[in-house]
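My structure is below; once you've seen it, I'll send some questions.
Just so it is clear, A, B, C and D label the chains in written order, and each chain counts residues from 1 on its own.
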């Protein structure tokens, strides 16, 4: 099942970011990619999106950081990461040995800091930056920008100004209107959108009578949120022209296909990496099988097939 | 060390006490590489609930047979489902994960409680293979919790028991026996695995004596691979991941219990 | 396990609505209550919240109306109901034979129509009205009022003006800030709040390459949304003084207790009625057992125990 | 008729063809009341995924033994889990649900396809109990689909078979045989259960002949109790709920197929 290497039926181009397969990894669920090399060939992944990176190192949140929920999980890792300096010096050189595009997920606490970070990462070996304006787990920055169209637009503009790379804006689902946010990001110049980040949730330990997670609330991910993610993708695809990377609860090829039909040009696997660490590679053959069965020549041909007026 | 996803075959389960079972799995690639202190990540259901794999320490390995043993306490959703698995069923297992114990001790003492005694069992067996019979100090709430004694019999040197209610061995926690044992036992290394309060108390006492001490930590884990940072905590001067840098640490490295 | 009948440890008072147990039924998941009398004693349910009722009968949406999702389900019933006239003439007299408070869930397409409906239902036998400003499945009304604080406030005021009954406002989770909506409802005079209604989601049939549901999108309910519901309850409880009826994915007593600890004064079981039609009665003994184990005298004593400053 | 939640005990499963199985359950209260055409709502998992119960028609009842039989095709998540259930396992079943067939016919013809033949089997058996042997016309894609013949042998009168590919019986759908049978059979009532297009075509042909016709509809259901309105559709001049007002309807009442 490595047919897809020999032709480009699975290849997609996200605003200039060329991916051999339409599958990337959701930030924060695939480390820096290197943790998974025992299980898959990184070069067969469309692109590796690495853990959210900040200018300075962050220790993240204290206390319990993850808990399982029905068909999902909550996390409040809180953007723990070794900082951009370390990433550029230690991690990127190792990653660059693989022929796979690298998307760096970035987070900061002001538009200017986002810009500074984007400038710092505007180096060879980084192919795109993904603006995380939607992390629910930190106090400074994060979700503030993700729920306010104006602030988000500022961030997008700063980043665009400071990088030559493809700029992807990652949207939060914790808003009244995701299309409004999507349009604001598009107007501000983003090259692509990715969605969705996690829904804010919490769990209470009824025996200790207190929240389970150290940070009280956390981000809900996994198959439980897929219906919300597909719906948002379907809505945004009708509202913008820029390409969409769809994610949220994708566990197998069939789930991925829902997102293509809803208008996504590529997809990301997140929580599923924890369940099946080989999934970022093995999902592509499944997509190809589906395409064969439905006489679909190229991935592009199935993008948006379920949108109004097309089905 | 390479990590694998193995579709293992269940060869048997046995009941150890009312809430604890042992399961044996054919997992030749993991069996070939797993060292004491490492763990595996088990998927108990192909559905979406429970969703995450569950970490379980390797309690024994049969290299000839290509099998591994896990000993688990039935505490919730996933372990309840695991308890119903039958011989012949398939279970997806990722491993071996994490770093094992430093086994350079000549006169080791193993101190454990609850399912912490599972990884120590594999450690004891491997020491016996190298001609060393470790002494073991085990604590439980009540006599029923100490079925472990039979598992260690014939492998361990001297076995000391404590129970909170005094129904078996010395009444009290392992701390009721430990000081005396450290005094008399001339141990050069202590290996601890059990509830956090036990590990904290034991470590303090052992380090005070200037004896080497290793502990095996438990943290809620999602990936087990060092990727998600669920299990990250503060080491000395750096962040460490329990699943990757541990679960075994030198006691003096641990700053959060 | 009928101890709770012999004392009032489980009794709660929701702004004057006296419930023998803190358990009601989520609107639309329990019909008119009469469908469940083979499985439980309606008089042991704290209150029966009936199916969403409109002035005139509604036929609801065409096509497939429900589909299962991971640990949940989507529905787009679309407020099918026989109308207020029929309810008052045919259903209410049957329901009134049981000694159980009746909460009527109401829906309309303008503040005035909400008022008219409330006035019509201001009769003996109806104990409270629950304003559904959050139905995601109809085009006129519904969610329009649920995502705009001003419009919602208008609806609440109209209803209050036209009824002598306890007024409960049911909040939608499909908003950026649920606390803002909660406060607006409180300021407009609602006696109590209930939350959450369903999250908007969708599923695509990958073989037919079109949305599964007749109405394209539907409301996501069931255990998958519980983390979001508990979080919203926890947030709203800190923002308002009026009592809260918590709901969203409650399947057993333990789940219910999460909501009490998060600040709810009563809870509703929804999707769980489909899985266990006796649950609206059998969950109460479980709550009592928990109270015994934790030395809690009355339900009230555990409300909000997990809120900041209390745990 | 009262509805029950019964914690049934599985007494056996048998394979009928590659994708179809029969399961027998001890469910005395449901067995005592269920009439042909009714269905039950089965919970295949105590977890949250799959979450909803699944509706299955009653394919047979043994009142002495207090058991009911269900015949199901393995098509997705829940039916796959059901297929793995073992004797002795417990399954929560709600039933009996809906309204059964009007069984006043003297010369009945049963027309079915796929698992639609399950409720018709119980109908046929109950007619035999009253001294009537119904003729049966059954259609399938291929010979393998018509294992049903053996289940009906000895109960039914004349059995006519059709397959799409001609591997058994007449080549074509049931419509290849029906007109001729209606002409010659002097039936006073036809009972239809199968895929919607079959039921639609059969109903039209039967009603045209002025013969009574009942059909059993399938709709995606959540509650099965008339409470959620998942299964509501337009009847003549009123809304009807398939789970409560059906699943059996007089053919002329059906406006949406």
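The rule is simple: a residue touches a chain if its C-beta (ideal position, glycine included) is under 8 Å from a C-beta of that chain, and two chains touch if they have at least 3 such contacts.
The chain list, named the UniProt way, goes like this: A, C = Dihydroorotate dehydrogenase; B, D = Dihydroorotate dehydrogenase B (NAD(+)), electron transfer subunit.
This is a predicted model, so every value here is computed, not measured.
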item	value
Intersection of the contact lists for subunit A and subunit C	B, D
Between subunit D and subunit B, distance of the C-alpha-averaged centres to the nearest whole Å	54
Between subunit A and subunit D, centroid-to-centroid distance (C-alpha), Å	47
CA centroid of subunit A to CA centroid of subunit B, Å	36
Subunit A residues counted as touching two or more neighbouring chains	70-72, 222-224
Shared interface positions of subunit B, touching two or more other chains	48-50, 77
Arrangement of touching chains [line / ring / star / complete / other]	complete
Subunit A contact footprint on subunit C (complex, rising order)	69-72, 74, 147, 174-177, 199-204, 206-207, 209-211, 216-218, 220, 222-228, 230-231, 234, 249, 254, 257-258, 261-262, 290, 294, 302, 305-306, 308, 311
Parts of subunit B lying in touch with subunit D, wherever the complex brings them together	45, 47-50, 77
Subunit A residues touching subunit B - in the complex, by the definition given at the top	28-31, 35-36, 38-39, 51, 59-60, 64-68, 70-73, 75, 77, 80, 82, 222-224, 251, 271, 273-278
Sites on subunit B touched by subunit C in the complex	48-49
Of subunit C, residues touching subunit B in the complex	70-71
